[in-house]
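Both complexes below contain subunit A, partnered by subunit B and then by subunit C.
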Partner chain A sequence: MLRLRDAFSLPLVSASEGALRSWRRTERTGLALLLVVFVCSTAYSATTAVSGHDSIPTVLWRWAPLLLWGFLFNLIISALSMAVGTAAGLPLGIFQLSPNPLVSRPAKLVTQFFRNAPWLVLLFICVLLLPFEFRIGTLRIPFPDWAKAVIGFALPAMANVAEIVRGAVQSVPSGQWESAESLCFSRRQTMMQIILPQCIKRMLPPWMNLYSLITMSSVNASVVGVTEMLTITTQVHAAEGSRPELLAPLYSFSLICFFLYSYPISKWTEYLERKYQVKE
Partner chain B sequence: MQPIYDWFRAFYERTGINLTFIYDSFDRARMIKGFWLTIELSVVTIVISILIGVFGAWLQGSRFTFVRRVVDGFISAFRNTPPLVQIYFFYFGLGYLLPRVMDPATGAMAPVVTNFQWAILSLSLFAGAFNIEIFRSGIEAVPKSMREAAESLGYTRGQIYLYVVLPLAVRNCLPALGNNLVNLVKTTNLAYAIAVPELMYVSKEIWSDATNVREMMLTLLIIYILLVAILVAGLNRLERALRIPGYIHAGGN
Partner chain C sequence: MTELAPSRPEPSAAPSRAFVSLRDVHKSFGHVQVINGMSLDVARGQTICIIGPSGSGKSTLIRCINALVPMNSGSITVDGIEVNGPKLDKLALRRKVGIVFQQYNLFPHKTALQNIMMAPVTVLKQDKAEVEARAHALMKKVRLSGKEASYPGELSGGQQQRVAIARALAMRPEVMLFDEVTAALDPETKKEVLFTIQELAKDGMTCIVVTHEMGFAREVADHIYFTEGGLIVEHGPPAEFFGHAKDPRTREFLSQVL
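Take a look at the complex of A and B:
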């Protein structure tokens, strides 16, 4: 049965084991396909180029260090967002399961709100509406654009982590709770010492899928002008005299970078998912 | 309607909450246009992505290894790259490589494929890649005994697929499909990046003119959440209507 709550879980999380089995040979073909796109677009673009300019491979080679530097920004932004999102999402997920409705209701509301909201809108809200510095007394703490973007990505990450935690905790058999109770564990002790340690294994694969999605979304920061790979790609294009035939190769370059990064992660996730598969 | 507009104008003067898209006729027209464009974008991409999903899942059952490989490659290429870069690649990269034609309406040279069409294409391919996996796992989740039972009743291969496997597979994959379609509706605002005048884009235009960023942001959030809620309600109804008593589907949660 599909409830409103379920409808927002990530597609990657809900992929069944059957779908994951065929992933092994998939990535290799995927990379091959991207390389074909890259080579074809480079070759075709080259035929339209006006003579007197540097060739496309020369241009790419010249700017590759800067583009990869931009890619590093994407990785930093996504890692920080995921760290903040996890730190906030873990308690939020546990609060959702609280027996006290004064705690669980607001936690559920916050989770649903940030899961339903489009990521781009949340990013806009954070970048445009957060202050550019905080003042504590005479101390001024600057709050640059990239830090706002981190918050913008951390909010949906938080809500999704909360759902992952809730799902994992609920998937622990109730016998665990009952036996802990019979051993005089308090609710808090049961959660911290018995339930959560068992959840880590269940949470890891969907958590990694989420990380992968956040990394993919980190390029959205270019829309609001934060420096990262896509922003730098546009700048590189301008620096090379805005030659239109450079666009396809430049964008395929970043597609390939993301693919090469995401490939080991999805492979590892798939491995973990098989390894930790809950036996039914 | 005029009293309502006047009320909102007075509301702005009283409270400073500036909802221009209600009382200002120009902004209202833009907003409504953007809203319908978002709906159009969502509906068209949902339909095309489902078609891609069904077709791709069918191709994945192909006897030829090469065809299966290409479909697999397509899936992994689209799943492991950022959708925004995909849109840029299609619109700026491939858009440049296509010839330009004379637009009969204006007489100027225009691209063969407009930005709206590129947005539809790239978003459909992105969501379609996920849909293929979803449909395929739905088909795989149909118990083997069902096929065997149908076979023993004298059904042909085609009949088994049409009357037994497909109806059950659709029910198996509805929850996952719902997730993906909801995500697709939430992702349509990436078309903003290539200047498709959908909801996000017109909102930005309005807040640039009227400097009512907060109000527009909140409105955007509310509209998107409502759209998603409508989609989810529809999917719930569909799921209830299709439910077979006693059949517990495998992939569902």
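Take a look at the complex of A and C:
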């Protein structure tokens, strides 16, 4: 009986289960490899430490607070970018769907422009071309590099959020618009009270995915000299005399920090995706 | 529920007293002519059924009545409001005309009671307590007392459709349009919905019903219209229509469905 059921079970299901299993295996292997590299390089360098130099664990221990402080900057930059990007992307996504071409055309143009621009180029433009302060009369508002970097990351975030919003709104069945219209709701009321509340569930997983991506790209800010983890890691390495045996432990440390932060987010996203898929 | 029921007129209501009147309505989507000049009259308190094969323009026709679909030419008046006019007040028109769809289209993120209350409270800015009392009465009317806090996903198709009817009634319409409202339901739940519509018709609501339920049409309708190819091929009172259909297309259709 059991065999019969196995024979009739959909090959698709077993295939996807197999894919999931092998994906899990890959994931675990990846994490294990990362840790092995970190531990081995640390241990190896520790045993072969040239006299007169501090051992690797000592170095890591000494600089960990500073490195983590840099990591905090990555988190702040990415969170602020995502906040600004979402605040701008939400209306942009809605404007794309406006029946008025004077509204929808520019919105589509802006979205496509920033969606198809390399993130690093946008970052360069923002950091190098934006002024370091704004003057309103006699008032001087400083505009530091990290704030410019936030704008640099917020622009692609905005365009991607706009596409997430547009896709989610369009996935709501047209019957919802029709029944709202028949009940005298205006377009704006329909969007705000009927369509968007239904979209939040659909938007959450891709939005979290985007946040993860922005967090990991925030290290790009080091290229333009903004203080963050990668910049500090490079400085620490220099401060320790640029010893080659320090390269692997120091950079693995930052890899592990990002992994430990992003991995739970991606797991949670997967969980939400599965949960909402079942419900709909 | 007398507040929802305008008084029933004399059976011999003259066409001049038509509450809803369609004259030579045309509608095409691109090159496809869907409605090819349809005319009909519905007196206040009357119930008419529109039957006919799929794709004969029935659903499009009733969507023209509340301007969900703009017509190409012709005239529709609802209580004197010209739907095809340049200065159409859609809000005024749609307050008079309630519609129920085949796919229910309830708002899935709101409870049954909230679905009913939403439009009167947010669009018409009516007093919330008063609307809530009315919503409870409507839930009772469609025999769903106790399901007020249920979300659409927790209700059966028939129950969802009855909430949709209550939701339309909450706007206090003077005419109700039903677009194949039982087509997606199984035979058991169909009965509940048809019974609700029948009660509404008995109370004196003006009803325009697009349906494939011949038994319902025969029993409830004052007048039946048969459409095919975007035209009204034949119409008449139920006894005459089902007993002595004149047009061969009507006879063929009836021989298939009866």
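Please note the rule applied: the second predicted complex is superposed on the first by the 240 of 280 C-alpha atoms of A that agree within 3 Å, B and C clash if a C-alpha of one lies under 4 Å from a C-alpha of the other, contacts with A are read in each partner's own complex, and residues count from 1 in each chain.
Definition applied: a residue touches a chain if its C-beta (ideal position, glycine included) is under 8 Å from a C-beta of that chain, and two chains touch if they have at least 3 such contacts.
Computed from a predicted model, the values in this text were never measured in an experiment.
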item	value
Of subunit B and subunit C, the chain that contacts the larger number of subunit A residues	B
Which superposed partner A:Ala248 touches (first subunit B, second subunit C, both, neither)	first
First (subunit B), second (subunit C), both or neither touched by A:Gln193	second
Subunit B versus subunit C as contact partner of A:Val59, first or second or both or neither	neither
Which of subunit B and subunit C A:Cys126 touches, first, second, both or neither	neither
First, second, both or neither for A:Asn116, with subunit B first and subunit C second	first
Contacts of A:Ser179 with subunit B and subunit C, given as first, second, both or neither	second
Touched partner set for A:Ala147, first subunit B, second subunit C, both or neither	neither
Footprint overlap on subunit A, where subunit B in one structure and subunit C in the other make contact	none
Residue ranges of subunit A touching subunit B (in the complex, touch as defined)	1-4, 6-12, 14-16, 18-19, 22-23, 25-27, 29-34, 41, 44-45, 48, 113, 116-121, 124-125, 128-129, 212, 215-220, 222-223, 230, 244-245, 247-252, 254-255, 258-259, 262-263, 266
Residues of subunit A that touch subunit C when the two form their complex	173, 175-176, 178-186, 189, 193-194, 197-198, 279
Partner subunit A, residues of subunit B touching it in the complex	69-70, 72-77, 79-86, 88-89, 92-94, 96-97, 130, 133-134, 136-137, 140-141, 174-176, 178-180, 182-183, 186-187, 189-190, 192-193, 200, 213-214, 217, 220-221, 224-225, 228-229, 231-232, 235-236, 239, 250-253
Contacting residues of subunit C [partner subunit A, same complex]	66, 68, 90-91, 94-95, 97-99, 101, 103, 105-109, 118-119, 122-124, 153, 164, 167-168, 171
